[in-house]
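Below are two complexes that have chain A in common, paired first with chain B and then with chain C.
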Partner chain A sequence: MSFLHIHNVHKRFGDTHVLKGIDIAIEKGDFLVLVGPSGCGKSTLLNMIAGLDAISEGELLLNGERINDVHPSRRDIAMVFQSYALYPSMTVAGNIGFGLEMRKVAKARRREAIQRAAELLQIENLLDRKPAQLSGGQRQRVAMGRALVREPQLFLFDEPLSNLDAKLRVDMRTEIKQLHQRLGTTIVYVTHDQIEAMTLATRIAVMRGGELQQLGTPQAVYDDPNNLFVAGFMGSPSMNLVTARITRHEGRLVARIAAPAGDVTLPIVRDRAALEAWCDRDVMLGLRPEAITDPASANREDGDIHEATLEIALVEPTGADLYVVTQLGGRSINARMRPGAPLSPGQSTRFAFDVSRMVAFDPETEARIRDEVPATPDEASTGHADSTGNADSTGNILGQNA
Partner chain B sequence: MSTPPSLRGGARERLQHWLPRLVLSPSFVLVLFFVYGFILWTTYISFSNSGMLPDYTWAGTRQWSRLWSSWTWGIALHNIWVFGLLYIVTCTALGLLLAILLDQRIRAEGALRTIYLYPMALSFIVTGTAWQWFLNPGLGLERTMHSLGWESFSFNWLIDANMAIYTVVIAAVWQATGFIMAMFLAGLRGIDGEMIKAAQIDGAPTWKIYGRIIIPQLRPVFLSAIVVLAHLAIKSFDLIVAMTGGGPGNATAVPATFMYSYAFSRNEMGIAAASAVFMLAVIAALIIPYLYSELRESRS
Partner chain C sequence: MSAGATVARRNTLGRALLYAVLAVFAILYLMPLYVMLVTSFKPLEEIHQGNMLALPDTWTFAPWREAWGSACIGLECSGVHGYFFNSIKIVVPAVLISGLLGAFNGYVLTKWRFRGHKIVFGLILFSCFIPFQIILLPMARVLGILHIANSTTGLVLVHIVYGIGFTTLFFRNFYESFPDELVRAAKLDGAGFFTIFFRILLPASVPIIVVTIIWQFTNVWNDFLFGVSFTSGDSAPITVALNNLVNSSTGVKAYNVNMAAAMVAAVPTLIVYILAGKYFLRGLMSGSVKG
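This part shows the complex of A and B:
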């Protein structure tokens, strides 16, 4: 039995069908991130978990109990809003303590709890101020304090960082992650920012147009996407997607991709059984930028490297990496190369493709073409990754350990 | 192209600079003369010997001391105090209550708001006359009740010297409440919906959400409402003239009707001028700090 179970939940506002049957289950201590473009129904789903919006159809179970009709204040949840929603006429201490006051907690115990939450968030010196006298980052902390002080079973966050400037956003992100690790709380967190989702989550739910596209660990969603949308949405720079023809070459199944100076042929090693059926047809191939490198920095231990010579169209150094753009399958594709490599536009160079990370999609339905049992090296799509595994992967995604 | 462009531009700029001033100057001169000029003139008259006609001989504070020793002026001041207080408090309370009810059920809002706002579109004279008919024992409510068979029904406040002032309050409240409601409704609409959701999760019942979180945020609206109502109360001349004419006796006399009757029927222009200047001073004391704080806020 899972801790929070969203079971076939629908939401209709009049005639508009906003959520179309969402199924998500998470365990205690999980950090679930709902991610997707604006308007896909993330906030609506979160509001339904909070009890602020009625559930049109389906069931919501917390700890095995049906809470569809339980009042928000009795669900043992706390929520942090995008606008922070602080009460302007009360001091910071009054804001943090309001929920306890409404629950008739004695004044002395209330003060203690406020103090503890304030220490945790380093806002003890702000307790007597009014929200109007605080900066954005401080308001954010107070809003979190208001949630923490009640020690609820479940925390809900609705885009809590999107009103902060970029630098502060990264700092607060780290702090939220630390809080989660320290307190071991269960969190449902809404964002439209896929980097936030990757760095924070233990489970990611990718949504689009009121439908769940994929639910899994960050690594699984990143490496083993269910469809073209998930592949394109997660990751920055985004996954390279090119049209390729599946054929047989010297007895092996290969993907042939058109390139200006002659086709590139890459062997199919992943999802081979499923792709057999696609022989002599076009598929959409996906390869992450970090799976296309210069031969020297290719990962030959875990990967399956195949090289090809291509002409460089553009070079984009970011400091930590060197992104090289080239033409393949009629599209510009991004490759991540060693920083400082002596490369310039117009030059032809060797590109190393890690075909073990290549994924294929049906160009019509946009669904992934995959074997019955996903044969990913880390088995991330089948189970929970532990938190250290996650930390490594997030480092990789942020491009910090290139 | 004989003239250099910069020169031509300069001429046009100068015209643009002066044209608005030229257009506005006649009205500016008229306002200066008829408003501020006559304020000064009235102030002077209040220190003169004027009776039926202006008399410019200086009389010091004679008219002022006559004003303050006048029995009728005392009644007028007492009435405006009772009327103003009841009017402001009732209008604010009712307006806020209606706004909260309307804010809860948004469906029929458009129609309801128009219904409540219509009275404000009527002039005080129309309001006064309508209510005078309605409350007149021989014409309105009482007669209707009698003809419906409720013979013992009696409502004669309009002609009761002790109660007449309250009928004026009722009519004035009826007229202004909708407007005050609209002000509060706008204020309520400006409140962040997420804050109310947060309070719900915090476990606050609806009345506490209003009492502790929403109403404290409406302080600027309260201030505006009170200033608007206070100056309407002091100016409430036409309503009283249409409804009671200041009567029965002097029962509903207020400073404005006092001034009118002293200036035009009792031939005491000096006292009337003194009472007018006094009213102006009270309104100025209310409005100027308000405008000052409003302007300062909008500038910052």
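This part shows the complex of A and C:
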């Protein structure tokens, strides 16, 4: 029995069908991030968990108990809002303690609890201020304090960092993650920022247009996307997607990709069984920028490296990396190379492709072409504490390869 | 360099012109008040000499004392003070109750929306456009049925009913931009309908409360038509008394007493503006609550 179970949940506002049957289950202590483009229904789903929006169809189970019709204040859930929603006329202490006051907690115990939450968030010196006298980051802390002080079973966050500037956002992100690790709380967190999702989550739910696209660990969603949308949405710079023809070459199944100076042929090592059925047809191939490197920095231990010579169109140094753009399959693709490599536009150089990380999609349906169905949410969640689950999947692919 | 100087000179010239125009209008507006004030402090003989704008040669408070305590209104010669307190008795409950009801309406119409809330608001808004004259007869009938005709209580009811349209409009527009997330947060914190209103919204409504008080206070205080229609004798408000004072003086017109009485009638609204005017402008301009 999972801790929070969202079971076939629908939401309709009049005629508009905003959520179309969402199924998500998480365990106690999980950090679930709902991620997707703006307007896909993330906030709506969160509000339904909180009880602020009615559920049109489906079931919501918390700790095995159906909470569809439980009043928001009795769900033992606290929420941090995008705008922080601090009560403007109350002091910080008043804001943090309001929930306890409404629950008729005695004044002395209330003060203790406020003090504890304030210490945890390092805002003890702000307790007498009004929200208007706080900076954005401080307001954010107060909003979290208001949620923490009640010690609820479940925390909900709706884009809590989107109103902060870039630097503060990264700092607060780290703090939220530390808080989660320290307190072991269960969190459902909404964001449209895939980096936030990757860094914070133990479970990511990628949504689009009111439908769940994929649920899994960050690494699984990143390495093993369910469809073109997930592949393109997660990761920055985003996954390279090119059209390729699946053919047989010297008895091996290969993908042939058009390039200005002659086709590039890459062997198929992943999802081979499924791709057999695509022989002599076009697919959409996906390769992460870090799976295309210079030969020297290629990962020959875990990967399956194949090289090709291509002309450099553009060089983009970021300091930590050197992104090299080249033409492949009629598109510009990004390769991540060793910083400081002596490369310049117009020059031809060797590119090393790690074909063990290559994924293929049906160009029509945009669905992934893969050998076996991915792990179901229930199975996947058993191993959620181990965020290095990617080691196994790489091993699998190598095993097939041998 | 010289081009900059020319621009600067043109700027100062424009400024000077602007201030001159503003000063002219300010004087134009302040002139009647000035004349009222100086006249109210002059003995009657001095007024008859004719120089309206001159300061008094001999300052006297006698007209003020008379206006307040002994001027004859109709047959009664005890000044306007009783009527002044009538107006206070009317204006305080009328402003408070209509303001509170308006705030409540605004709260429900924005934060607890129900089917048809737009129509309800439209109807309430419509009441702002009903001319006074139309409701005189029906209202007189209603007051008669309720047995509160010819009383300040009746007038309070009239002003509450007439004021709700405006106060609802003010508060609804203010609460429209009051973040819904605050209400949602309070709901999660366990606050109910009334707690959310009194603890979260109302304390954050100071600007619009001030606007509402000024608006309702001046309207109710300055009302003449309702006062003259629905009260008589010693239940009349000060505006009606002032009219009666000016009309009932026989023989020589005591301009100084009339002016002093008019000043007494005007002072409360002046005070309200001076005390709250700063907030009034701020309230009208700022729709949103920040922080």
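Keep this in mind: the second predicted complex is superposed on the first by the 374 of 402 C-alpha atoms of A that agree within 3 Å, B and C clash if a C-alpha of one lies under 4 Å from a C-alpha of the other, contacts with A are read in each partner's own complex, and residues count from 1 in each chain.
To be clear about the criterion, a contact is a pair of C-beta atoms (placed from the backbone, for glycine too) under 8 Å apart; a residue touches a chain by one contact, two chains touch by 3 or more.
Computed from a predicted model, the values in this text were never measured in an experiment.
A.B. asks: Assess the superposed three-chain arrangement around chain A: do chain B and chain C clash, or do they fit?
C.D. replies: clash
A.B. asks: Please work out whether A:Asn8 is in contact with chain B alone, chain C alone, both, or neither, and reply first, second, both or neither.
C.D. replies: In the superposed model, A:Asn8 contacts neither chain B nor chain C.
A.B. asks: Could you look at A:Thr174 and tell me whether it touches chain B, chain C, both or neither (first, second, both, neither)?
C.D. replies: After superposing on A, A:Thr174 lies clear of both chain B and chain C.
A.B. asks: Under the stated touch criterion, which partner chain does A:Ser89 make contact with: chain B (first), chain C (second), both, or neither?
C.D. replies: Both chain B and chain C are touched by A:Ser89.
A.B. asks: Scan A:Pro131 for contacts with chain B and chain C and give back first, second, both or neither.
C.D. replies: The second partner, chain C, only.
A.B. asks: According to the stated criteria, A:Asn68 is in contact with first (chain B), second (chain C), both, or neither; which is it?
C.D. replies: Neither chain B nor chain C is touched by A:Asn68.
A.B. asks: A:Ala50 contacts which: chain B (first), chain C (second), both, neither?
C.D. replies: Both chain B and chain C are touched by A:Ala50.
A.B. asks: Using the superposition on chain A described above, determine whether A:Met102 touches chain B (first), chain C (second), both, or neither.
C.D. replies: both
A.B. asks: Counting only touches as set out at the top, which of chain B and chain C does A:Met79 meet: first, second, both, neither?
C.D. replies: It touches chain B and chain C both.
A.B. asks: Per the definitions at the top, what is the overlap between the chain A residues touching chain B and those touching chain C?
C.D. replies: 47, 50-52, 72-73, 77-79, 81-83, 85-90, 98-99, 102-103, 146
A.B. asks: Where on chain A is chain B touching in the complex?
C.D. replies: 47, 50-52, 72-73, 77-79, 81-83, 85-90, 98-99, 102-103, 146
A.B. asks: For a test of understanding, state which residues of chain C touch chain A in their complex under the given definition.
C.D. replies: 179, 181-182, 184-191, 195, 199-200, 203-204, 289-291
A.B. asks: For the complex, which residues does chain B have touching chain A?
C.D. replies: So the residues of chain B in touch with chain A come to 192, 194-195, 197-204, 208, 212-213, 216-217.
A.B. asks: Please name which positions on chain A make contact with chain C in the complex.
C.D. replies: 47, 50-52, 72-73, 77-79, 81-83, 85-90, 98-99, 102-103, 130-132, 134, 146
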